[in-house]
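Right after this note come the structures.
What follows is chain A paired twice: with chain B in the first complex and chain C in the second.
The block that comes next holds the complex of A and B.
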């Protein structure tokens, strides 16, 4: 039945695009930090989880409506971003890569422990005030939550692209990432922009937490979404917002196709596996990714 | 290691490179050997010995990872997976061929070294964050492969039963017997690492860590030595995996997941990068941390938590302390426990005239 096959492919493709855009939203937080501070955030998944916990917790415990709990998540994550930059990341400026990597891994452990301790181990729900009825477009069913998530992603991706290209703050941030010393000499307050970058990543993670929390429910498994960030950013290029979108789309589509076409043969689990294989190939051929900037080392 | 000296009086390179810089160092090492080989097994109970065994196994793995991270300056978030490679190699050799430990341990190590070197190949082109992510991918891919290939994992729940090793016709049933068995490998690992890092290979590793481009210019084949570092480090990891399998009596991929890789990285960082003593400190510290936390909370937890919260709080507090300590050491004392120990030693070196 060739027609059925075609529909199946279409469903996989649309799902892949939707999920991919939502991956891009999380990857955006990662890219923001890397672009502005040259630091790698291995705790991105935990950021998203923590934001989800704030949103779900404030809704359930305080009975806050959706918009208010989302606001709480955003404010909480901004504060967290500022605080962490101050306490953890700032002393590590200029230290080897492994120091920053390990610090964020440690941060991930702390956030996971703290969130579970504060909000309990059970799964909480974030309830977005949209209908549960999936939108039917021919053979494709689209849950409104995914549409909202993808929409939020696109809006923010566009906003940050504009921000980095045109706004004064964004340009200053790019300058800081390029060379901290030169930026300082040009009168840029480097520390302020570092803090700002972490706060912005906090905002993005808060939105990611609300969207993903609505889709999957909030518990400490939500942090595993963070593992998908790495294939996304490596494919797209660590310092490219456009790369985050394209990388997200590729990962979303690849994992859906892998799940659809390979799972029946190998017995499941290819969804989590395929993006990493793709990533290894990219690392071998073009380590800086599709849109990343090639760095030339000079002696 | 555990000695005092009043100044540097070395007149030859041989004296500078000696394993025991002072005669008293020999005595100190001998005293510790007696403490750990005679006193500890005689006085401690079975349960405490089993905890010591866990520490011993961790020391081997931490030494291996320190060769890669501390001495060569590469990074690996895949060491848990390399351990599982060693573990499953040994488990399959035992179940299919009935191989004794003196075959399974080198075989597990070599297989892990092979896989580790394969994973290390990208390290020629990529470094830092990219290498970290590549090894993370290796961790996940190896985990998935073991879990999904019944030929490796033995089918049911990806676990294989492995009997305890036999030595001189005696099966090592008690923890004390296992303790001596493991102690032998720990000594081998320590001596091996100490000799490796002061050899030509070890000096090449340090040169690559300090400035890889400069190292290349003075004629070090970076690619070869990076692969060596990955292979040797993974060999240690493989051996650790086999020892752990013997200790548990079962090879199971769940014992070697991402968090294990992170635990070992934490050992190297908390202990001290590029230091043998530091690896030992770190391994013991990170192994004991969850156990001590649990003991403490079981005895004094009621001061802070209600009884119902306590059971939930223990694993979470462990996570918080674990992560918090990593951050603390990175921010406050980047050279780790080893540095703290050296500070203490230097203080007492000229004590009581420390002005």
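The block that comes next holds the complex of A and C.
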């Protein structure tokens, strides 16, 4: 048995934190929609993938520089968010939750197919204009791409937290999530807020698509990062931004530790399911997640 | 000021709930709408505020007018902008929002943030207890505090007309007194027109200037509150008094049942 290697642990930990923050960014898109409209968006991963395709495609076809292709991705995803809300989700307002869930699953398949049709099945690159040279901090090597990704995540998570707690629009959005009927009686145009939530999720997905696309390359497989959203939001709480951050960090760290400590013994693969094991345990102990709102029961 | 003319409401395209209701709420007065469960009182309020749309209800005949302007084809948020605020039955606070956030959400139709602040201060002046609990999640307030909050929240849109649905429901007598004191002050000090739906007829007729009685989706009786209080049918069926004005013993109810005169 080798002695405890704290350097190795430190590397796993920092990597976990970086990846975790980037998971949190994607989970944020999911949380925004759930918070405002009570809909569970199973197409979150496909949103990210689609954004990646827009960014990679615009760079390749139009020769757009990185920042411009990122802008294209953001604008494209806002338009997609508005459009989908109008065409697919709005007719389902007031229907059972299962209808919305099924619609988003269908949407996921459509988006995957549409992206392949439009962009082909090959893997494309999103090239972020930062050096490939990792930053060395003692034993820890940090790729600049991850640093940028984690930084973008932090900025947006903080911005959205402020938005929901302090701005009037954010408070109105939470009111809509609390009760649609009462919100209408307060003069709140509920449909407009639904559309806004989907557009905001579009922005977040676009950023996620650019960041993850840079790291993994853009193809159909990129949508799979969306699957990681579920352990993240279940751990943190479906409707909590803070929960998305904490859940993301936990999933990132658990994944890396599993890969570092368990894989050598069992021959690999634990990284992919360890977060789900954790998710199932949390569901049994605390179904609303760490930060999820509990139903207020008055006696 | 607020007028319903022969309003018919149909739910789900087939269920006729209001069968030609006409009523008038005069400016700066408290008008009460009395009736038993299922008479159509809440539906009447929803026909005014436009919330019928959310429940697959529809005004199929007649009109709702505020100062001559049609309200019955507007979306709920536009009705609020015209100056009509509805307070729901059952203290429907935004549970997960703090008291102050509830008030801010209530002021959604106002553009200017300074107006919102001023409105919040006014509400706190009327209900000091809300100021003490401003950062508490509204779901954790007591019943009386929640009722104060929903009334305060409705006032945040600076309404000309406020629709109150059963503000006394499930509250202690002392709290009810406080709430009704506030309603009276709304009328006296801010000249707000109030349409009050109540099951507690004694309470409502005490505070109101004018009253309507509803049964089965129709208005069956109307008049100044004073004359309704004297009406022997109202005494019998809504106030629980006999013709002599004394409390009736339930021992007698089996032997004699008065027939409502408006049914004849």
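The rule we apply is simple: the second predicted complex is superposed on the first by the 291 of 299 C-alpha atoms of A that agree within 3 Å, B and C clash if a C-alpha of one lies under 4 Å from a C-alpha of the other, contacts with A are read in each partner's own complex, and residues count from 1 in each chain.
Convention: a contact is a pair of C-beta atoms (placed from the backbone, for glycine too) under 8 Å apart; a residue touches a chain by one contact, two chains touch by 3 or more.
Predicted, not measured: the structure shown is a model, and the values here were computed from it.
Of the two partners chain B and chain C, it is B that touches the larger number of chain A residues. By the touch criterion defined above, A:182 lies against chain C but remains apart from chain B after alignment on the C-alpha atoms of chain A. When both complexes are overlaid on chain A, the residue A:91 reaches chain B alone and has no touch with chain C. In the superposition on chain A, no residue of chain A contacts both chain B and chain C.
For chain C in complex with chain A, the touching residues are 49-51, 54, 75-77, 80-81, 85-86, 88, 92, 94-97, 101-102, 104-106, 108-109, 113, 116, 137, 139-140, 153, 157. The touching residues of chain A, when paired with chain C in their complex, are 94, 168, 171-172, 174-175, 177-189, 293, 296, 298. By the touch criterion stated above, chain A contacts chain B in their complex at residues 40, 88, 91-92, 95-99, 101-103, 105-114, 116-117, 120-121, 227, 230-231, 234, 238, 266-267, 269, 272-273, 276-277, 279-280, 283-284, 287, 297, 299.
Chain B meets chain A in the complex at residues 69, 73, 75, 122, 125-126, 128-130, 132-134, 136-138, 140-141, 144, 147-148, 213-214, 217, 262, 265-266, 269, 312-313, 315-320, 322-327, 330-331, 334.
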